[in-house]
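Pasting the structures in now, so scroll down.
Each of the two complexes below includes subunit A, the first together with subunit B, the second together with subunit C.
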Partner chain A sequence: MTERYDVLVVGAGPAGLAAAGTAAAHGARVGLLDAQPRAGGQVWRHDVRKNAPRAAREAIAALHGVTLLAQHSVIASEDGALRVEIPQGSTLLTYGALVLATGARELLLPFPGWTLPGVSGAGGLQALTKQGWPVAGKRVVVAGSGPLLLAAAATLRAHGAKLVGIHEQASAESVHAFARQLLHWPARATQAALLRAKLAGVPYRFGSVVRQAHGEDALRLVEIDGAHGTSLVDCDLLAVGYGLVPNVELAQLLGCALDHGHPHPHVQVDELLRTSVPAILAAGEACGIGGLAVARIEGAIAGHMAAGHQDDARALLPERDRARRFGALLARHFAPGARVHALATPQTLICRCEDVPLGALDGYADARDAKLATRCGMGACQGRICGTALAELGRFPRGAGRPPLFPARLATLAGLALSSSDASRSST
Partner chain B sequence: MSVAGYDLIVIGAGIVGAACADAASADGLRVAIVEPGPVGGGATAAAMGHLVAMDDDPAELALARYSLRQWEAFADLKEAEFSRCGTLWVARGENELASAATRAARLGAAGVEAQLLDAQQLYELEPELAPGMSGGMLVPREAVVYPPRVAQHLVRRAQARGAVLYAGRRVQALRRGGAQLDDGSMLSGPVLVATGCALPALLPQLPMRARKGHLVITDRYPGVIRHQLLELGYADSAHGDADSSVAFNVQPRPTGQILLGSSREFSATDAAVSPAMLRRMLERCFSFVPALRELQAVRAWTGFRPTTPDGRPYLGAVPGSTDQWVAAGHEGLGVTTALGSARLLLDLIRNRQPAIDPAPYSPSRMAA
Partner chain C sequence: MSASVRLQVNGQPVDVPDGATVAAAVAHWTLHFRTSVSGEARAPLCGMGVCFECRVRIDGVAHQRACMTPARDGMQVDSHD
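Let's turn to the complex of A and B:
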């Protein structure tokens, strides 16, 4: 079962939505697929309590002539086609042009106690909350780095959580320098002011790091190292994230070159968002963390390019460059500092899939060496968490993954179109 | 320029080179080990780690049996992840069941315990097998291990006895009286080439082909299968000369994960996972254990088996030489037979009578 689209877009976040809508407006037959059940990506993730923001509704409503393929996970590439797992089996999709809008994930870094129940990522807890996981009345500490902390905190509060405090690891000087720069991005400044207003009364501390999470079977309190020394804070949940890293695994699987000139690789693209592989474009966070504005504008550029309208794409470049400068600003002012890199002790688990402590990796110079000897990175996440953390800690770069991209049914790997339960149902 | 001198320079630290270095250092030799990559990072890292006696070639059986006895010394070694799950050979059809009887008798005669099973006994042991199997053969004492860590253990043990590991170094060429490394330095002493598929780079006179194989590992599903399961037709795939073949070969890991094989291809030279081959291999597995279809696969990978023209390893002196030795070409059995290969080779190097007949493995058979 193979379906062909003129333009196939992977990822229905802001970048993918813009790419699909733009390409379809040129008359292309467009498929837009996402592993999630609803379009929107990270920032526009569906919230059970709230309607989607207007921009999101508009982007989705503008998808004339786009086939939206929800719950479609790309797990492998097969001779120029994508192997896609769907709930009832799998399919094979081919394309004239492919746009990778695979977005970003949270950077999680190990510290003593980070595997206790009750500890999660900041964006992770935000996403769970939007999906209806109950946080009402829970005492939550939000910590880590970057503006995502404020967005996560605002969502948590809207769902009834009691915010004990927000702890930003970047220094006060750094955050204030960032805030002064916001003047050049009025829309951003407004957004930040709105978030702060929603978080009125919640302590927002700078130069403040969660050193350790305590509790026997579940989280009970956290130890915070702040500008004024160490304190212990009681809480039910700790949401901690150190910023974002691009999802480059699909690009890598397809043979696209990566740009390694960053702590975490980006998909390498030229000015017009072409990757090193013909007919494959990339847009949004996958090409480097830039946020919502970058995602939307790059999505549009990639959509024009995929439909063969280079001039339209070029016209958007000045706007894109300006938006990208904001991403660079973020990276400069919120990069995790040495204190954060030193939190994990030799006993702290680094690989949660295989229970490997950080100390077990001493003496290994590369990811493969360490994996063979200790199993670090051998689990179901294929080193997405531990490999990324180890790269951030300066140990060694993450090793290349192997298919499938995400755990998938063996039947899918075997190219079977339908799962056996469906097959037997249809034959009886 | 000072030249480091050794009693034996082991080239390559896969499971075979590691076992040789271990045996040589235990024998009191001053040993060097040269390995450009991670120890155990070649074919050894790709392997299933099944310790199994194949009985279709008497020489192979003798070497396997000799080795399996030595593996018992690793049964309690944590790093080995030794798990005595036993091997269950599954018969589909009366012909295969008859062949099981012949094989059980052959294994028994060689001192390897093997029991014939009828269909009912088979399904009691492995309820997830597809209906319609005729029976099988259980080899209860066989086990599975995690090969790269065993190789690392063997190298460390040799190092503890004074062996020197030239990590990250490659042998560029064999020279009279020694070996030249890729940084230009020389090591002097007899050499033992254990470079697996890369053998022709140093010893082009000994033919070797790389035979590609695919494996897939699942998430944790303890109890779905309980033994290493193979179809009785596996030997036809393993020892036949078809350009490509697949056989049902699945293994329960001590972690609860399930490892699925196996495929064999001569003409495929790139390491990429081939969707078509994967499909053939998995469909073969599903036809024996249908429940596998719905399990989550975590990872697929490939590896290359070092394969000689007659399928037997080269163990002995390089033809025409007295200070060059070779231990390579173990195809799909090198984990099983590494320990015995090392003992055999050390006996030859030290001029002792080996415990099994070395003639079938002599590299000189290629010169004839």
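Let's turn to the complex of A and C:
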């Protein structure tokens, strides 16, 4: 089955919602797809306990003329079309213009004990909790880096978790310098103050790192290296994340150039968000971590561009540039420090899919050699976790991906093989 | 928003709110979602469909990401295959 859209938007978070709504307002026939069952992305993920934020409800309500394609997971690209797996099978989507609003994932870094059940990402536990994960009465340590820790902690507390403490790896000096900069961003300052109020009474420590998680079959306690030495803290759950990294896998598969100037690549775009491939635009976190405000503005810019309204897109550039500066501020003040990079020991599993310890990778200079020799990155996550961690630790950049983008059913892959053999027949 | 769904996790009934995931339902009984290649118990890490640590068997189909799957009435979920 093939469906055709004037504008196809991948990712139904804030950027994708804005892109889809904007393009549809120009009269385009728009498809908005997401692998998740609901629109909202990560930051606006549905919470079983409460209504979505007003901005999210408005963005979703504004989707007149947009076909929302939930539980649609892009598997591969075929001659200007996307092969998409859905619960009932697979489908082929074609487009006049494509907007990549694939967002970001959490930067999850290895340390001894990080594979124990009870240890998850900070945004990870927040997402799980919003969708009903039982945290009421559980003792939770939140750790890692960046303002996401506060947002995650606030969600956990609202769901009844007992917050033992929030441990930010960045130094007090760095966090305070960031806080002073917030004066230039009144909306962000208000948001931060509201979060702190929701977290009244919860210790918030700086220069503090979870070094190790202990337990037999599940987490029992964590070892924290703080400003005043090492301490052991009993807890049921540890939510630890070190910020965000752009999801660039689909862009890469489509042949879009990436900017490799960071430990983690982002999609290279021009001022008007055009990628290096004609008719493909990218917006929001995929183009570099910038946060919610950037995602919403860039989504609108990409929506205007996809619908052929360049002047409308251009009018939003000053606002976008200002919002992007906030992202740069975050990166500067919360970047993981050397202490975080040194947490994993040679015995620590780095590839959780294939259970490959970090020490097994000594002597390999690139991801491909390491993969062939040790199976590191060969599992179901396709190196999204270990490859990203190894890039962050300065070992080697993540290897290039290949289709399928996610593990897919045989029938989907058969559809892929069938249509590509059709294509090769018709071209000969 | 107060509606709930009932499903079976390793043969045990569990009620979760409408809109909850299979991951949430499993966590009511166990944090042992899957067994790693070297025999370790694993539970969800990323919560957003990236890490594949939450894979379980749902209605007989193995390797389904519990965090991506909405809980539905009557589902049969088996963890640590």
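By our rule, the second predicted complex is superposed on the first by the 415 of 428 C-alpha atoms of A that agree within 3 Å, B and C clash if a C-alpha of one lies under 4 Å from a C-alpha of the other, contacts with A are read in each partner's own complex, and residues count from 1 in each chain.
Note that in this section a residue touches a chain if its C-beta (ideal position, glycine included) is under 8 Å from a C-beta of that chain, and two chains touch if they have at least 3 such contacts.
Bear in mind the structure is a predicted one, so any value in this text is a computation, not a measurement.
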| Taking subunit A as the common reference for superposition, should the pair subunit B and subunit C be classed as clashing or as fitting? | fit
| message | With both complexes superposed on chain A, which partner does A:Q42 reach: first (subunit B), second (subunit C), both or neither? | response | second
| request: Pick one for A:L183: touches subunit B only (first), subunit C only (second), both, or neither. | output: neither
| task | Figure out whether A:A380 sits in contact with subunit B (first) or subunit C (second), or with both, or with neither. | result | both
| remark: Counting residues of subunit A touched by each of subunit B and subunit C, the higher count belongs to C
| query | Does subunit B (first) or subunit C (second) touch A:A411, or do both, or does neither? | reply | first
| message | Just to be sure I read the superposition right, which of the two partners does A:Q126 touch: subunit B = first, subunit C = second, or both, or neither? | response | second
| field | First (subunit B), second (subunit C), both or neither touched by A:E78 | value | first
| request: Specify the angle subtended at the CA centre of subunit A by the CA centres of subunit B and subunit C, expressed in degrees to the nearest 10. | output: 80
| field | Minimum C-alpha separation between subunit B and subunit C after superposing on chain A, in Å | value | 7
| said: Taking the stated contact definition, name every residue in subunit A that is touched by subunit B in one complex and by subunit C in the other, in rising order. | reply: 379-380, 407
| remark: Residue positions on subunit A within touch of subunit B in the complex are 76, 78-79, 83, 366, 368-369, 372-373, 378-380, 382, 402-404, 407-416, 419-421
| note | Within the complex, subunit C is touched by subunit A residues 35-37, 42, 46, 48-49, 105-106, 108, 115, 117-121, 123-128, 131-134, 217-218, 352-355, 379-381, 384-385, 407
| said: So in the complex, the part of subunit C that touches subunit A is made up of which residues? | reply: 1, 16-21, 23-25, 27-28, 31-33, 36-38, 40-53, 55, 63, 67-71
| query | Residues of subunit B touching subunit A in their complex? | reply | 38, 40-41, 45, 148-149, 152, 216, 218-219, 260, 273, 275, 278-279, 282-283, 285-286, 290, 292-301
